[in-house]
Structure formats: C-alpha cells, structure tokens
C-alpha cells in the first residue's frame, strides 16, 4: 500500500493485477453494487481457477462459472434474485463438481473475514448449533474458558487475496465512498490482502475533506482504482441507477453466443471499443 | 427499545435511569466528546458504586472518583491529557484501594465489548503476549483449533449496563450523528444493554434521511436522549467547541469547594438554574 | 383483473394468504427483519406498517430502518428499501443484533421444512452430489437459533417441501412459524403445530399434503383478511405484478 | 526567546532532540501512527511531513488520515488532528490494522523501559498496592507485539526510567527504538543497543544514567538537525509553547 501515488488506472490494468488462482472478495450483494465490469474483464482476460468469497453472490459468481473461470467459492446464499431464481450456471458448476463450494451462513463467512481483519486465527460465531454445516466444514466448537458453559463455533480465518469494491465515488487519491448500505464491503476491505476499487466517478478531494465520516475505505488501504461509469451494470448502483432487468433476462438465455453478446454489451466494453 | 415514542427527556430524568451499581460505557476519549454533563448529573444525584468501562477515560473517571461515586473501572489508559498529566483523584482512588481497576489494553477492552456485541462469550484479541496483564486478569489463551500453532488470548465478554454517548446531533426519534472520529462509540452502543444519548441539538429528520450513512446509532437502539448544549464541557466537541483549558485547570485545584464550584459551572447546571 | 384485486372481492389468493399471515407475526414495538430472496416477507413488513395500528421497527437487508421506499422493488434487497431511512443498518450490524439476542422477528427462507421447524436451503439429494444445488441458507444457520422468533414460508404446500426428513439441515433452532398457501404453523414444545388453515382448505387437506406429523388441537380456519390488510396489499401491489410473479396456487 | 528558536542557533534542546529523532524513524510509504498522551510523537509526525522529501501515511488517534490541522493542538488526541482528512479511521480500525500486521510504525508511551524494550506504564511499586498508579498502557500490550516497529520516548533519561527490572510488564514485544533527551536506542537481536547520543552528551554519560546494560558498538554522536528539520519544528512550535510545556532538560 503506497501513499500519494497515482492510483487511477484503466480497468484492463486493474483486472490484470489478479493472477489465476486468486481468491476474490467481491463487494455488494446479489444484483446490487457488485464489481460486475471488473468480473467481466477478468473473463475477457481469460482468468482461470478463481475463488469467489462473498456472502451473497449472484450474477458475478454465475457469469464466472459460465465462463469457466471459477474453481472454488465460499458463500452464504447464491441466487440471481429479483424473480430470476437460482443462478443456473453456478448451480450446474456445483452439481457437476466443477466448482467446489464451502457453504457458509453469511455471518460465519463474516466471522472468518473478521478473524483476518482483527489479526487472529479464528473467530467465534453465534448460532450454527444444530446445522449440518459444521460437520461439512470441519468447524469446531470452543468451550467458553470462563466457565459460562456456553460452547461457540470457531470459524477459521478467511483472508482473500483481493477485495474488489464497487463504489460510487473515489477521491483522486483513492478514498472510497459508498451510498446506501455498505453490505460487507467494510469488512472485506479490512480482511483482504489487497484492495481494488471500481468507481462510477472521481469526486473532488474537497468533498471528502468536508465529510470524511462518509469514507468507507481510506486511500492508504486501496491499491488501485478504475473509473467505469455504469460499472455495476446490469445491477444497480444506488442512487445512480437501478437493475437493468431486460439485460439480466437476456443474460439468462441458455443459447450459444449469449455470453459473448452480454460481455460485448457491458458499458466497459463499449467504452473500450470507442478508444 | 421502543419504536416511535418520544425519546427526548430532561437530563435529570436521563441520569435518573441509572441505578446505583451500574456499569457505564462512556463515549469519547480523554477530554474529547465525553458525556460530561451526564456524569456531573450523576454526581449531583448522589449516585454510588458505579463502574466506568472506557478505553481512555480522563476527566469523567476523575470527577466520579473525586465525588466518591465510583467503585470499579475497566480501562486501558487514564489521564487528563492535554498537559494536565495523570488524573489525580482517580490515581488516589486506585492507590488507596477505594476503586478496583481491571486494567486493559484499549484493544482488549474493545474485544470484550465485541464479544457482547457479537453475542459470543469471549473474543480473541491480537498481541498481549509477554504482558503481565493476562496473569492479573486471569485471561486465558486458546490454541487455534485449526492447527496453525497460534495461541491467542481470549477476552471475556464485557456487557455494560449502559452506553452513554455524547453526540453532535440527534433526529427527533433519537438517531445519533457524530462528526469526526467516533472513537469507540459504535461498539459501545452495540454492546451495552441500554443506550443513552446526550446531544448538542436536534437536527431535522430530513437531514438524516438525506445522509443516512452518517448515522452512528439508529433510533431503535437508543432508549432516551437529552439535549444539552455545550454538554461535553469542559471538553471539546468537534467541530462546535474546543477544550476549555482554564476550566480544566480550575478543576484540577485540590482545594475545598472546587468540586462544588465546578459542578455549578457546568452548562447544564446554569441552564437548570434559569428554569 | 389481477388476483390481488379479485382477492378484495372475497376469495383469498395463496399470495395474499402468505403475505397477510406473515404480517400477522409482526408485534408492536418489536424489531422485525426481512432479507434477500424474500419478496413475500418484504411485502408482509410493508403491509404491517400500513395495516396495523401500532409501531414497530422494520429493518431490512438493504440497510433500511423504517424506510419510506418510493416504490416496492422486485428485488427484496433493492437499495430503494433504504430510501427515506434515517440510518443505514448494514449487514454486519443486523447479524450482530440477531446473535446478541435483540432480533425479535426474522423472516428466513427455506426449501424444505421438517416437523421440528428445521430447514434445508442447501440441496436436494446428497450435499456432495446434489440433484439440485439450492441457494444456501444465507442468514439461516446463524439467525434461526439466535433470533427470538423466526418465521418462514413456502409457496408450495406439499410433501416435498414439508418433509419428515430433510435432505440436509441448513439451519436448526427456533422456527416460530411457517406459512404456506393453505396453512399457518407455529411452534409448541419444540414441534410445529397447525395454527390455522385456509378457509378454502381443510384440516384433512393440510394433513394429506404435509410430510410430517403435527398436532392440530385448537386449529381453525384462518380469519380472513381485514379491510385494512386487503387495502394495504392492494396499495403495495396495485397492478398485481408481485402476485403474478409469485405464481402461487392453492393447489 | 524560546529554546526552539535558540535550538536553531546551534545548541540542540532535549525537546528538539526527542522530536527530531522520533521523526527520523519515519520511513517512505509507510503507515505511521501517533496516539493519546503523545504530543512529542505527534510533533514528530508533523515534522516528518514537512521536513522529509517523501510521502508516508500519517494516521492518528483522532481518526485523521494525512490531515492538515489548522493548528497544532496541545492534546495529541484533539479532533483538530483529523481536520482536512479525507477519511475518519477510528479507534477500532487502527487497532485492527495493527493486529493484522499492517502498522509499520507506532509511537507508544512508557514510564519505564527495560533492556529488552519492554515497558511499564501501569504502576510504580506493586500493582496491587502501587506507590504511584500510572495511566496504563493504552495501546501498548496489543500494539507493541503486533506493530512492525514500535518506538517510545522518555523525557527523562535516568536509572528510574531506563531500568534493569520493570515494576510491571505492561507490554512486551517488538520495541524498535527508544529516544531520550540524550540518546537514541534501537533493537538488535532482542535487546536495546545504543544507536547514538546527543552531541553534548557522551557514551559514558549515557551508560551512567541508564539502568540496563547495553551494547554500543557502532554508536556515535547523533547527527545534528538538518535545516529542514529545524525549520519544520520552528514552524510547528513558533512560540516555543510545546517546548516550554514539555519542560525537558538534558540533565
């Protein structure tokens, strides 16, 4: 993490920082404020063997499965949502064994990220008792060493290689601002080894100085940023735009050429084509 | 916690909610944005046997010791700061055994509050190794159950009876806004059984709706609020006012009548006298 | 004419039945939560706000706290659900609220429910070689044991959704209520019991179509929607779009 | 005329010596932190920002990230230290940053320091019946073992502050540097060693006034303040108020 250097780079260069085999915590939830232009760029660059770490992935994990870019996932709930139901290419990738799932509760995934963020090897997590998930994942209980008699599940540390955050605005130095819910972006940005950001636009440094309380991630935690207007398409980015439902519907068609056409329709691809 | 009821009450009524023997997480740090009018009101009402839970108390813990209202403390560092050095009445209370200290690192106290906020009986905390604090407090280490070989200190849950937050602004329903650093107020508000707030002023609900991201504590976690202009006196409340150094200096004098004069000089006392 | 409107004429659609009966679990002054993939509980919470003469705190997965959304979104995690909110209470916050025991009522999804009120949202068939990989439980495994009350719903009432044996236990713990197009179950002494059935159904039909055994003493036909409940749902879904999308049939 | 100004004439006050040598621990592109009760490290960080031709991230206990404070506050936790900051990085955040291993340089207070670089900030005498109750370690017990480098300072160089045996071990771990009015220590193979001494002092004087044994091979008089360092400190303390408040004497 560097101070004061120029951090704003083209999307292709941002995605190029992610090697094959990386684990990626992706911001947002379902079709909302996900780093979707970034994910498509990874696919265009032919990335392989990726891991998604996200409490509620949807379109992002589905398209990575569809492109054959994913081998592993840690997730709590996976769906397209918004009436589109299950994420079909993800579903097939799991059913066929092409992708290995570590199934979580959303909060157990958060607990693993907290362990990384807090610098400890594991994190106690409430609930979970009675679920089959611990047996699946080898999670162990720890007795309260202070004699309350409570036993609590310990979730092992989860430290993604990257957190990729889709933001509304960044400062020129890479401070990150998000409107509406921050989902799990804060803990992702504190647990990953490296933080990459895609933002709609640059806002003046002065606006960050006026309201520093609104900054979700300070610049010194951010390695690099790309500016991609409409970069969360076909998802929403509050308050700038809503889900493009026809585009998602078109994506859902299981026909040859659909993926390529969808990738070509991404705002980042159309932007690049003009260059 | 109630929804939609009238939460704004006089300071005397707010302080009256705290029974003798309560533990109080107090917001702010040293001379900055502490609920000092509230603390003085507790003294005026003759409260006894209180516990302060705060990473970096100063004036607040000192005046409670001076008034004989405190019996216990959990703290990381205690000082008047700002050139005033040690907190003298606190120091005497500890040296004489009148107040029992549970000495923490600031982060271990935070870990205990996190355990309460996260609903688990203990919280692993980084560092601490080599310190005499664990022996003092009976803190135990836990081996990473996942075989990393790391052993980490587990801090027992700390759940204060009350968190008392000094805020810049509240909405009419009790949403809480703070400018500048939030110190440990967020985790205090999530770990205590009950949350009380003292604010400089009421801001329009519309301003909270316009920037909900700025709200530190939502109204439904807040039991009651008092409006006390200048309530953090003699400390600072950014950006409204700075430390009143002459007032702190006057407080430091170890002469008869100084405490009474100081209590009488509090803005909340002068306000009440006008009623 | 949509079924929502036709519902106002007297018959009670499965859609309206589920939304209305989910709403009836909401209590005064409590904290109630709706999450992702949860259009029906979202509508239930918004219905309760409109139809019931008491205050409660509605928080949702979009970070909203008692929001005034300008539109009812198709996606139950849409950020419009935080519109008009005076605070953002984001994901870490509401999960922590639940694990520390302050979540009064939590709506959680399920694919299968058993007689103990446990849920499967993970898979049909063996987890390691599933016939169908389901979404996963999201909040369930943590929220179901820690919420004061959790309530789920199924849009299909059948022996494949209400089962004797789950294919996988995604979440266990305090499921307090289950609503289907024809029945409302609540929990008593650790097991689901029938509370009421759709006026167009019967106890026998519910038994026939339910995979687990249940007690039904005290059960009766569900009281029909009040004018306030009907009006609230009609206002939330004036075009019947949600009702059409949900595609819920009694049989 | 203040000592800060007189320092600019050639002699080197204990105040300037400590602030300048603390600043010299700051390295390019790193994350450096100053906390509560830490006026001298606060000045050192602000000095480094002005005097050194490289960028680094300065975060502080007031939540500031590379702030531009309109004034240098008496209290090193004053919110003015977040003025001009584009983010608030509050207490939980910077502690977590440290425990997960990303805090490059952290200034931590101490009352006593031993030859291993451990600190006592808790008490003089027995902890349970102290002659003097000290402030407590604040960040120390967690930050000292987890920061990549931690540096402390003492305004008095004596056998009661630099001790063979601490009255209490508040914090142990990686103390990388200690600065006093007459000496700079760094750590080598787990023990503090003398790096340099004040040009007006001597190796013998440092040995005489230090309670623990230390190696001094390679040690030499401390290089005097550069014009940039002098100018920066003069600008930060133009009236000599901080210097007067600190009341630091070489002997």
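Chains: A, B, C and D, in written order; residue numbering restarts at 1 for each.
The rule is simple: contacts are C-beta pairs under 8 Å (C-beta built on N, C-alpha and C of every residue); 3 or more make two chains touch, one makes a residue touch a chain.
Everything numeric here is computed off the predicted structure, so don't read it as measured data.
By the document's definition of touch, common neighbours of chain B and chain C comprise A.
Chain pairs B-D and A-D differ in how many C-beta pairs are in contact, and the one with more is B-D.
In terms of the distance between Cα centroids, chain A is separated most widely from D. Computed centre separation for the pair chain C/chain D is 59 angstrom, with centres defined by C-alpha atoms. One finds 28 Å separating the Cα centroids of chain B and chain D. The centroid of the Cα atoms in chain A and the matching centroid in chain D are 40 Å apart. Distance between chain A and chain B, defined via averaged C-alpha coordinates, is recorded as 36 Å. Residues of chain A in contact with at least two other chains: 118-120, 125-126, 180, 182, 212-213. Of all residues in chain C, those that touch two or more other chains are 63, 82, 88, 98-100, 146. Chain pairs that touch one another are A-B, A-C, A-D, B-C, B-D.
Across the complex, chain A is touched by residues 36-37, 39, 61-64, 74-80, 82, 88, 90-92, 95, 98-100, 118, 121-122, 127, 129-146, 168-173, 245 of chain C. For chain D in complex with chain A, the residues that touch the partner chain are 29, 31, 55-57, 59, 63, 65-66, 82, 84-89, 93, 96-102, 146.
Only residues 115, 118-126, 140, 142, 144-146, 148, 150, 152, 154, 156, 178-180, 182, 211-214 of chain A touch chain B when the two sit together in their complex. Listing the residues of chain B that touch chain C in their complex gives 1-5, 116-120, 171, 173, 175, 190, 205, 208-209, 212-213, 215, 217-220.
Put simply, chain A touches chain C in their complex at residues 29-33, 55-56, 75-79, 81-83, 86, 90-91, 94-95, 97, 101, 103-108, 110, 125-133, 136, 180-184, 186-187, 236, 238-239, 242-243, 245.
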